[in-house]
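Pasting the structures in now, so scroll down.
Shared between the two complexes below is subunit A, which has subunit B as its partner in the first and subunit C in the second.
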Partner chain A sequence: MHQREGVTDWMNIKKRWLVLFLLPATAVFILVYAIPVSMLTATSLTDWIVASTPHFNGIDNYIRLFHDPQFISAIKNTLLWMLLQSTLHISIGVIAALILARKKFYWKFVRTVYMFPNIISSAAIGMLFVMLFNPSFGFVNQFLAAIGIENAPNWFANSKTAFGAVTITWLPFAATVTILVMAEMTSIDGAILEAARVDGATEFQMDVYIVLPMMKNIIGTTAILGATSMLQKLDIILMTTNGGPGDLTLNMPLYVYKTAFTAKQFGLANASGVVMILMGLVAVGLINRIYGIGKKEC
Partner chain B sequence: MKVKKIITKSCIFVFILLIIIISVGPLLWVLLASFKTNREILNGGVGLPEVFSFKNYSDALKLAPILQFYINSILAGVGSTLANVFFLSMAAYVIARFQWKGKKFFRMIFSLGLLIPGAALLQPLYQTMTTLKLHDSLIGLSLVYIALGLPTTIYVMSSFFMTIPIELEESAYLDGAGFFRTFASIILPLTKPALGTAAVLEFLLAWNEFQFALTLTASNAKRTLPIALYYFKSQFASNYGAMFAATIMVVIPSIAVYILLQEQVVSGLSSGAVKG
Partner chain C sequence: MKLKSIVAWSLAGVICLNLIGCSDGKNKETQSAVREDQTAENDFPAPVELSISTFRVGTHSAAVAEARYFKEFQEYYNGVDRQKITLKVEEMPSDEEYYNQMKIRAASNTLPDVFEGKDGVLELAVENGIAVDMSKYVNADEQYKKELGESTIAFGSDWEDGGLYNISYGLQAIGYFYNKEMFDKAGISPAKTWDEWTSNLEALKASDACKAPLSMMTGENGWTTNLILASIIGTSEEAGNRFMNTRYVDTYQTPEVMDAFSQIQEMLQEYSLPDAVGSDYATAANHFLNEDTAIIANGPWMTPDFSDPDKAAEGFDQKVGVALFPKNGAIYQLERGYSIAKSTKEKEDAAFKFIQFKTNAYGQTIHLEEAGVLPLTSDIQMSEDYKQNNPHVAELVELLDTIEYKYQTIDTISYPTAISSLGTLYPQLVDGSLTAEELVRLLDDAAAKDASYKNE
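And now, the complex of A and B:
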C-alpha cells in the first residue's frame, strides 16, 4: 500500500517537473529554429529589403530567383557537389572502412589521422588549401615545377580548375563515413564470415557479397549526411574562391549569404533559404528511397 | 593467383598511403613553414627550417587580436558545452524515462534541426538576435551553439538513459529524494560516458563554427577563432609566415581535444549510426 502511494505521488510530481525539465530545451529550440524558420518562410513572400517595411508579394521572389542566372548556377553547382559527395565521397570512406576493418597493424593510426581534416574548422581547411594552391609559395605548384611541369595554373582563380580545386577540399575527407561504417560492421555475426571463409571465399568476395549488402542502411545514411553537408559549405567557399571566378563555384549557402548581407535583399535571400531547405528534404527523401531505408527487410 | 594478390595488396597500400598523405601532409607542411622565414617559404621545399624561430607567431599575434579571439572561443565553447549537456540532459531524461502525452511530438521536433541547413537561417537569426539585443554577444552566439547541438545531445543522452534500470529512481524516490535530486545526484552521475561524448561533440561544434560567428558578431571583442583567418587573410597576405603561424594556432586546439578524447568522438559519431 505504502509503496503504491509512493509510485502514484512520483507520477504526480512528474507533471510539474516535466514542464521545468523540458523548458530550457524548448526555449532554445523556439529561439533558434521555430522563430527563424517561421520568419524565413513568411518573409520569403515579401518584398523586404533592408530598412523597409515588408509587403506581401506572393511568389514574386521565387519567380525572380529562377530567372536569376546566378541563382541557377548556385543550384547547379550545389546539386553537382551533392551528387559527388553522396557517391564518390562515401565510396572513398567505405573502401577505407573495409580495409581498416581487417585490423592490420596500422588501422588505428590511419583512422586517427584520417579524422584530422574533419575535426579542424573548415575555415582552417580553406586556409590550408589557399596556401597549398598558392601560385608563388604553394606546395602544389612548387612540387609540379620540381617534376618539370612549369606554368601550373592558379588553381582557385583559373576558370578551368576552380571547381575541381574547391571539390578537393572536401571530397577525399570521408573519415566520418569510415567510422560510421566500421561501427556498423561490428554488428555482423562473425559466424557468417567464418562459414564463408571455410567455403573458400576470399576477403574481397566476403566484402562484396556479404559485408556490403549488410551495410546498405548505414551507407544510405552516410549518403544523406554527405549530400546535406553540401548545403553547409559557406566557410570554405568564402575562404577560397568567394564563388568565383564568375559564379563557377557559387553555391547555395554563399548565394543566401550574399543576397542577405551584401545585397541586403532579405525577402529574396529568405526565398532562396526556403529553396535550400527544400533541396535538403528532397535529397533526404530521394536517398531514403534509393537505399530503402526504414523498410523492413526479409 | 599470386599476381592477383600482389596487385590487391599494392592497391591497398597505395590507397592507405594516399589517405595518410592528404590527412597529415598539408598540416605538416604548414607546421614546418610556420617556423620558416618568408624567403625560405618562397624558395619552397618541404625540408626543416634553417632555424626554428617563433617570430611568425609573434608577428601573427601582432597583426590580429588572436589572443582575444582565443578567449572568446574558449568562453563560447565552454559555456555552450556546459549549458548544452546539462539542460538538454534534462529534456532527454524526461523523454527517455517517462510516459506522457506529447512525448512523441517533442522527440520529433528536437530532431528537426538535423533537416535544416544553418545557412538558410542566417538572416532570420540575425534579425531575431538583433531584436533581442543579443547580436554581437557571446551569450547570443552560445545560445545558437546550444541549439545546433540539440539533436545530437538529446539523442546521445536519451539512448543512454534508456539503459539505466528504472528501479534506481523508484528506490531513490522512496528513500525521500526529490525529483530533481534523483536526477542530478543519482541518475546524471551514471551517465558520465554519454555526457563526455555529448560534451566533446558540442565543444568541437562550437570551437569550429563559422557562419553564425561571422554573421552574429560584429566586433573584434566578440569574434571567435575560425573567423580570425577570414578577417585577417588580407593582412597576412604580405607576411606568409604569420599566415602559416595563425593557421596552426587555430588548428592545434581541435587536434589536441580530438587526440585526448578520441574514444568519445568516435563513439559519439558512431552512436548516430544506430539511428540510420
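And now, the complex of A and C:
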C-alpha cells in the first residue's frame, strides 16, 4: 500500500513537470495559431473591407466564393498540385533515395547537387526559371531551336504550357524527401536484408518487398509535407505567371493574397483562408488514412 | 525532490531578476542619453523626427534625386531657424510593395508622417480622417503657392470638402521614343494617324532594321503596352478621350476600348519580340537600349539611360528621337504626390516643410535634373545647359505645345483589381484563347471585385 502511494506521488509529480514543460509550447501555439485562426474564422463571417468596421454577414462570403469562377479555378489548380506533389514528387524522391542508398561511388556528389534547389530561395528559383524559359534568350528555347524545333512557346505565358512550366519549377526537386527516406533506411535491421540476400533476392526485389514497406511511415509523412507545401506556394507563382494566363495557374495562396491586398476584401480573403485550412486538414487526414501512419503492422 | 524544485524555482527567479535588472539598466542609459541630448539642444525647440517611407531606392530612376532631397533637407534643417528636423527613412523594394503597405497602414492609422497617395492610399486616409489639409500652409506662403501653380492646387484639392490633401511633385507627360536610324532605314517618320502607325510597324518589320518594331511588356503593370493602349483610346475622338480622363471607369465594354485591345493584340502578336508577353519593364527597356526594337513608349525619366554606358552603346542617345502619339496625343497628368498623416502640430509643421522642400521651385528643379520629371508650371524654366545635356526632354517639352489629345494612364483611371487582372489576361489575348470582347468583360468583372468599386 505504501509503495503504491509512492508510485502515485511520483506519477503526479511527473504529470506536473509534463504540464510545466508543455506550457511554453502551448502558449506559443495559442498566441501564434489558435487566436489568429479563431479571428480568421470569425472575420470570415463579416463584410470586412479595408477602412471599415466589420459587420456580421453570415455565410455570404462563402456563397460569394463558390460563385466566383476564379476561386473555383484556384481550388482546382491547388488540388491538382497537391495530388502531383504527394504522388509524383514523392515517387521521384523515394526512387532517388533507393538509388543513392546503394552508395555507389557517385552518391555523395549526386546527393549534394540534388539538394541545391532546396537550399536556394524560392524567389531565386523563380527568377532562374523565368530566364531559362525566356522565349527570346532562354536556354530551353535556344536548345530546342538547336535541335530543329522552331517556334517553341512562351512557356509561362502560353495557355497550353503555363501550368506545366510552373509545375516543373518544383516537382522534380525532391531532395528533402530523399534525405528523409535515406535517414529512415538506416534504421532497417541489416540482418533482414542479409537474410533476403542469402535467399537469393535481387536488389530490386529487396527494395520492393522489404525496404519500401518498411518506409511506409516516412513516405506517408513526406506525402503530407508535399501536399501541404502546395498550400504555401506563393512566391514562385508570383514571380513567374502571377496566376495567369487568365487564372490557369492561380492557386489558393495567391487568391487569398490578391483578395486581401489588391481587392482589399479582408472578410472574403479570410473566408478563402478558412477554406484553405480545411483543405489542408482534409489532405492530412486522407494521407494519414491511406498510409496508416503510426499504425503497427500485425 | 523538494530540494530539486526549490533549486529549479530559485534559478528561474534569478534569471528573471537578471532580465529585469538588464532592462532597467538599459532604460536608465536611454533616459540619461535623452537628458544629455535635451541639454545639448536646450537652445532650440525640441527636435522633430519625421518618419518617411520610400521606394525610390536602388535602381529606381529617381533614387539619386530622392537621396539628394534627404541629404539636403537634413543639412538645411540642422539648426537653421532654430529648428532641427531629422528623417527616419524606411526603404521599400518596389512601389507595389509600398502602396500595399500604405493601404494597410492607412486602414490601421499607422501611416508614416509623410506618405504618397496613389493607388487608393489617400482615399483611405481622407475617409479615415487622418490626412492633413495643407491649405493653411500653402495660403500662408504666396511665393510657394505661385511655384505650385493653380492647377496643382486644384488637383490636390479635388475632394468633397475642398481640402488640399495632396501636393503633386511633377507633371507626367509621355509620348514615345524611337530609333531614328531604324526609322530612316525603313523610310518612315513618326506617324500622324493610327493607320500610319500600323503601316510604320509593317515597314519596320519588313526592313530588317530591328528584331521587332515595338518594345512591349505585359508583366508588372504592363507599363509600355498600356501607354500605347491608353493612347489609342485617348485619341479615339471625344468618347475615347472622355473615357481616358474618367477616374475609375464604370465599364470597359465600349467600342473604343474593344478596338484598342484588338489593335494591341495585333501589335503583341505581330510587331513585338516573343518575350513581350509576361516580361517586365526592364526587359522591354533593354531591348530598346540594345537596339533590338525601334519604338518604346515611356516618359522622360528614361532619357538618362540613353547615354548611360552601362545600359546602352556609346552614341545611342544621338540615335533616339521623341514623338507624340498619333493624332498628337500624349499622356498628360499631374502626379499624385505627397500628403501628411495627422500627428502632433510640431510633426505636421515639419512634414509640411519637407513636402515644401520637395515641391518648391528648387525641389522641382532637382526632380527635373536628377529624375527627368517635368516641373509643375512653365515658370520653372530649363537652363540652357540642361537643354543641351537633355535634348530629348527639351524636345518633348516643345512638342507638348502641339498636343491635341491629353489623357491619363490606364492605371490612373482603373481600379487596381482591373489592372492586376489585365496582366494575366494579355497572354490569353495574344495566344488567341481570348478575344478583345471577352477581355473587356473580364476586366469589368475584375473591377467589380475591388472593395472601393463604385464607392468613390
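What to note about this one:
As a convention for this text, the second predicted complex is superposed on the first by the 264 of 298 C-alpha atoms of A that agree within 3 Å, B and C clash if a C-alpha of one lies under 4 Å from a C-alpha of the other, contacts with A are read in each partner's own complex, and residues count from 1 in each chain.
One rule holds in what follows: a contact is a pair of C-beta atoms (placed from the backbone, for glycine too) under 8 Å apart; a residue touches a chain by one contact, two chains touch by 3 or more.
In this text the structure is predicted, and so the values were computed from the model without any measurement.
In the superposed model, A:N288 makes contact with neither subunit B nor subunit C. By the touch criterion defined above, A:Q142 reaches subunit B but does not reach subunit C. Within the superposed three-chain model, A:F261 lies in touch with subunit B and with subunit C [touch as defined at top]. In the overlay built on the shared chain, the residue A:I179 is in contact with subunit B alone; subunit C does not reach it. Using the contact criterion defined above for the overlaid structures, shared-chain residue A:S121 touches subunit B, although it does not reach subunit C. In the superposed model, more residues of subunit A are touched by B than by the other of subunit B and subunit C.
Applying the stated contact rule after C-alpha superposition, one finds that A:N57 touches neither subunit B nor subunit C. Once the two complexes are laid over each other on the shared chain, residue contacts for A:A157 go to subunit C alone; subunit B is not touched. Common to the subunit B and subunit C contact sets on subunit A are residues 13, 136-137, 261. Every residue of subunit A that touches subunit C in the complex is listed here, in rising order: 13, 49-51, 134-137, 154, 156-160, 162, 241-247, 258-259, 261-265. Note for the complex: subunit A touches subunit B at residues 3, 6-7, 10, 13-15, 17-18, 20-22, 24-26, 28-29, 31-33, 35-37, 39-40, 43, 95-96, 99, 106, 110-117, 119-124, 126-132, 136-137, 139, 142, 146, 172-173, 175-176, 179-180, 182-184, 204, 217-218, 220-221, 228, 231-232, 234-235, 238-239, 252-253, 256-257, 260-261, 266, 269-270, 273-274, 276-277, 280-281, 284, 293. Chain contact summary for the complex, subunit B toward subunit A: residues 8, 12, 15-16, 19-20, 22-24, 26-27, 29-30, 33, 41-42, 44-46, 83, 87-88, 90-91, 93-94, 98, 100, 106, 109-110, 112-113, 115-128, 143-144, 146-148, 150, 154, 169-170, 173-174, 178-180, 183, 204, 207-211, 214-215, 225-227, 229-230, 233, 240, 243-244, 247, 250-251, 254-255, 257-259, 262, 265-266, 269-270, 272-273, 275-276. By the touch criterion stated above, subunit C contacts subunit A in their complex at residues 1, 100, 103-104, 106-107, 120, 124, 127-128, 218-219, 273-275, 277-279, 416-417, 420, 423-425, 427-428, 430-431, 433-434, 442, 449-452.
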